[in-house]
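This structure is in structure tokens; I'll ask about it shortly.
Letters are used for the chains, namely A, B, C and D, taken in the order the chains are written, and counting of residues starts over at 1 for each.
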Amino acid sequence: MVRVAVLGASGYIGGELLRLLLQHPEAELVAATSRTHAGEYVFRVHPNLRGTTELKFSSFDGGGLAGSADLAFAALPHGESVKAVPQLADAGLKVIDLSADFRLSDSRMYPVWYGYDHPRPDLLEKFVLSIPEINRDKVKGASLVSSPGCTAITAILALAPLLKDKSLGVDRDHIVVDAKVGSSGAGGKPSLSTHFSERFNVVRPYKPAGHRHSAEIEQVLASLSGERVAVSMSAHAVNMVRGILSTSHLFVSPPPKPIDVWKAYRAMYSGSYFVRMVRDKQGPFRLPDPKLVIGSNFCDVGFEIEERTGRLVALSATDNLVKGAAGNAVQSMNLMLGLDEKTGLTMAPLHPV
Amino acid sequence: MVRVAVLGASGYIGGELLRLLLQHPEAELVAATSRTHAGEYVFRVHPNLRGTTELKFSSFDGGGLAGSADLAFAALPHGESVKAVPQLADAGLKVIDLSADFRLSDSRMYPVWYGYDHPRPDLLEKFVLSIPEINRDKVKGASLVSSPGCTAITAILALAPLLKDKSLGVDRDHIVVDAKVGSSGAGGKPSLSTHFSERFNVVRPYKPAGHRHSAEIEQVLASLSGERVAVSMSAHAVNMVRGILSTSHLFVSPPPKPIDVWKAYRAMYSGSYFVRMVRDKQGPFRLPDPKLVIGSNFCDVGFEIEERTGRLVALSATDNLVKGAAGNAVQSMNLMLGLDEKTGLTMAPLHPV
Amino acid sequence: MVRVAVLGASGYIGGELLRLLLQHPEAELVAATSRTHAGEYVFRVHPNLRGTTELKFSSFDGGGLAGSADLAFAALPHGESVKAVPQLADAGLKVIDLSADFRLSDSRMYPVWYGYDHPRPDLLEKFVLSIPEINRDKVKGASLVSSPGCTAITAILALAPLLKDKSLGVDRDHIVVDAKVGSSGAGGKPSLSTHFSERFNVVRPYKPAGHRHSAEIEQVLASLSGERVAVSMSAHAVNMVRGILSTSHLFVSPPPKPIDVWKAYRAMYSGSYFVRMVRDKQGPFRLPDPKLVIGSNFCDVGFEIEERTGRLVALSATDNLVKGAAGNAVQSMNLMLGLDEKTGLTMAPLHPV
Amino acid sequence: MVRVAVLGASGYIGGELLRLLLQHPEAELVAATSRTHAGEYVFRVHPNLRGTTELKFSSFDGGGLAGSADLAFAALPHGESVKAVPQLADAGLKVIDLSADFRLSDSRMYPVWYGYDHPRPDLLEKFVLSIPEINRDKVKGASLVSSPGCTAITAILALAPLLKDKSLGVDRDHIVVDAKVGSSGAGGKPSLSTHFSERFNVVRPYKPAGHRHSAEIEQVLASLSGERVAVSMSAHAVNMVRGILSTSHLFVSPPPKPIDVWKAYRAMYSGSYFVRMVRDKQGPFRLPDPKLVIGSNFCDVGFEIEERTGRLVALSATDNLVKGAAGNAVQSMNLMLGLDEKTGLTMAPLHPV
């Protein structure tokens, strides 16, 4: 039984971590911290958890956690995690960070993408960006782990095998990632743009260029392919709360055969429970659709080939709060602790919902 | 380990039973029957289950099940269950029926509400209409159990304590139940009225009078109060897939104090994990809302009093496929088998979703 | 050509007034006031109006309007209208007020329902609460008009004929009005409860008892029936932006024949273009549904009878921003000016939407 | 007053044509044909039109129309229009066809994209593919007009100026069009994939490659740029009924300045009322979003530049049933008849909705 703490537990990702950890057979939830809600019952902020826990939020106390917890999840905002996490790491806790503050291995990228100089480049070297389906062995041995952004991990899982397999000949300069994202990805803070009457029924191109997750995606793909990869990403808010569909448009000359694309995916994902290949001949769900992964840690992946234009369309779908965040983090914890990676994560998706 | 079969497993309730049973630690799923899908993989019809089971649908074979299963869930349409279930019961299987065919204890009600003469009044006497929060002890000893309709159990859980506690003085002739129901309650068969473009954004009064679940509600309430109770029910389809909110309007003269209503609820539900009392002073979820029970077996119950008009508004919310159907059935199975009623049912609701 | 001004033009009702008035063939929009947006282009706040007007918001200047406008719509919050409107009325402008400040004819009701003493009981006497389908002639002769609340007018249009026709014998003590309302009825101000992730998919009983519109409904019904009427109202927020369905549950002993209910409706609404009677035998829209009135000034009305319980269910649907507010106000303006009441209001509802 | 007929008037596009034409000040609707609904009231099939017309559907009678109508809109399925329209054209009626049967000028494209040999290549030459903002003058002089597909016209309006202005240097081999489409684009026929419970909350990549509208887009862009253009299109169904957002990803080396892109758009759309340029610095609607055009004939267009990857993102939004179909057809009729193109089309979009 590992003693775990969740920092920044009042947000949507924090709440999802609590939901998963409260039922995890090998984890004991010892603390949930929140600056604004310290002292309040957790279920007041996450009303779905009413009746399942009497835990209260506590203040973050870096030193205090060292004695009472073995592992901490940090679900803090970018820029805050970089202040809190070093205390935990230095005190010897295992840490799984869900912010962007430890995702990029090259500290020079932080001023470019996040507008600050990273204070601890030494820690960046120690953090493993965890996508178990890609670097499971590294995660197993890690004490400090970073979990990717929700649109990043979703896109990466569709793209990684295609960039790693050089025989496909993917054009690395014209990769378009067009993401459709539910509202929970934007967090729990009200504003005019999230006001229901203004947000319902939208297809809002909220980040058509310059999306920060581009950096993570490029980092992972470059690492796998051994060459620079340019990712052109656009993100759209659509009319749902949970879920991401990532449509990746790749140009390949000559266009590949389906069997070759299959091979690339199988080479990477064979044995990975949480990646499901979806490419059916009939039915409403022939290809990945976030509707079918809601509440689960699955990432569904599929593809289509357009010979006429030499295009390969790679599709991937996740629940942004689960495989896109809290679920991937718990899966990483399982690996770090030597457990089966599926432990506590085998709930099937809800359907219909 | 009990061997269980699910009859009529291709519908939404059947699919939800499979989802719950596949993860139930004390149940082994040995068969899922479907007339139209026999031979197909279960995950073709319930694509959320892809990757979680390689089970195929089988044809229903009353005799065959007797040897291979100990307990059967029947999720067949009304009128079909009454044909299939007797074979199972006569062969000694425990049965949990989710249709209306064994809910009404008085066989004379079948021609009135369902338009057919019940062929097995003897079985009606043996079936227990299971609402564990009301008749847990009866369910524990039962071999044949019927699970109520989704709008029925939702309304009953809000109303039962108020009718049982005669000191409240509820007017039994003017009880209005106004239900708001998600689309999954109408099943999986396409039609013009369920066509997305026609169904999106509706508040459709699909059954403003004469709702069949009125009979079940009246039966339970009359039994608890010892007197005839008239329930005036209207059901509306709203713009969501899962969930029911039941708003029950009761007249009480003189209007009760909140503390007295609390007492009635506590007297009945103290110790019942799956009923959560919700009546907060602040926040967006001060009273029951189906949004907060999605994916779980909870029924949230709350109330408000309008002194001016002598009205007591009792509110209850369920996920219609879980506490409204499959979850209540699994909870009943647990009791019938001597297990903790929560076994396999402790997943917290998803939020936000 | 009448010169009109809209006060409080930055809210949803104000925006809908602008949308209607910009296209009204007999109205010239001379001013749109907003305290917080004075000086800004109207289309910055109401982006749907981009390209249709170059008007800017102005500050409210009671005296100034007197010279430049003939008629003013006041779409101000309750409590503010009561301060602004008297200046306009005293200066001789025709006024159509959309707040609650001039709806109740009995000034003693204001402390009870709205928590303030009305400063101008003399004006209350002069204001006509306008529901043209009920009191068209009074509106025609009026200079000061108040438009009812959106849930009030919707419920009233279903109930009025049934209470006016004493031969039906409606029980005036057990009238339940159960309303389902879209988000735009709550206005444009962001909060946690209107945050998309928290508001999507809800059926939220936001006002199960003590709804202020009860007072207006009772006032109108009592006036029509000549006797005190008690209205027990509950309002629910549902998963859509526009629209209201009002389900009114009435007890009648003995239950009426459909033909008698028809007669009551026809007696009142014959010749009223904007009330459509809906009671079909087939199709997805056999009874009123807000989906079918979106964007229009129609109020659809229908009913069902439950003989068993002696209940009459009266259903009505409106677009809360049109017939529930701005459209009814423009219809009232037409009558006040001696125009055909349909002028500028004949756009058919959108379907599907 | 022109006498108009609508063929195939029972579908969603047909219904929208009726809605627009019933209020058109210069058009008299003389017939609405439907094979399956002949003899029925129009408002039975289009219940939004209840109370606005007593018209009944008639059977299509090619000869009969010749005497009674001056102009016909054909909203028939692909493959049927090609049979019906020649009769009308040969009889001297003006025709506006909304199917794909007369959109492609090169008859050799029909076997490739639609699987049939076009029987009337002579008519293909006479038909003008009408996008008034691009070829207004041609439409003015035409008697036979074809209206583009909804995703085609939406994408074209964002792309046309960028391909026409050769100084921008757009890479014509790597143009990705990623469309997000509401359900009404798929028509009114129920199926499992349009069943509400299966369709709600989806982001379904229903046509990731090989979309037929690619052919129309390439035809128009090639014509404007004078060179072959390859369009790589993917279409997704999202959780709404009306609206399209088209995200076009273009590569340009070196990346253009915003002012140069502005110039290209202004050169083409200056004076075009129905194209609104949207590129704001703040607010929830800084870029095109279908939410803001619902119910109107507007197409909103905007763009963003990603210098790092040399990408130009061009965004466009329409109501697929209005500017994407019926509205563009009525606008075309206005031009053909010498009317102001805005006649009968100036209703502002609804907001919020």
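Heads up, the rule we're going with is that contacts are C-beta pairs under 8 Å (C-beta built on N, C-alpha and C of every residue); 3 or more make two chains touch, one makes a residue touch a chain.
Model, not experiment: these values are computed from the prediction.
Enquirer: If you take the mean of the Cα atoms for each chain, which one ends up farthest from chain D?
Expert: B
Enquirer: At the interface of chain A with chain B, does the proportion of residue numbers present on both copies reach over half, so same, or stay under half, so different?
Expert: Looking at both copies, the contact residues mostly coincide.
Enquirer: Sort out for me whether C-D or A-C is joined by the greater number of C-beta contact pairs.
Expert: So, comparing the two chain pairs, more contacts are at C-D.
Enquirer: Cα centroid separation between chain A and chain C, in whole Å?
Expert: Result: the chain centres lie 47 Å from each other.
Enquirer: Can you check how far apart chain C and chain D are, centre to centre, with Cα atoms defining each centre and the answer in Å?
Expert: Centre separation, chain C to chain D: 36 Å.
Enquirer: What are the residues of chain C that contact at least two other chains?
Expert: 12, 183-184, 192, 195, 197-201, 240-241, 283, 285, 294, 352-353
Enquirer: How about chain C: which of its residues touch chain B in the complex?
Expert: For chain C paired with chain B, touching residues are 174, 176, 178, 180, 192-193, 195, 197-205, 208-210, 230-232, 234, 236, 238-240, 243, 245, 247, 249, 251, 283-285, 287-291, 294, 304-306, 308-309, 311, 313, 315, 317, 352-353.
Enquirer: Considering only the defined contacts, which chain D positions touch chain C in the complex?
Expert: 12, 15, 19, 22-23, 44, 46-52, 183-184, 241-242, 273, 276, 278, 283, 285, 292-296, 298, 346-353
Enquirer: Chain A touches which residues of chain C in the complex?
Expert: 12, 183-184, 186, 188-192, 194-201, 240-241
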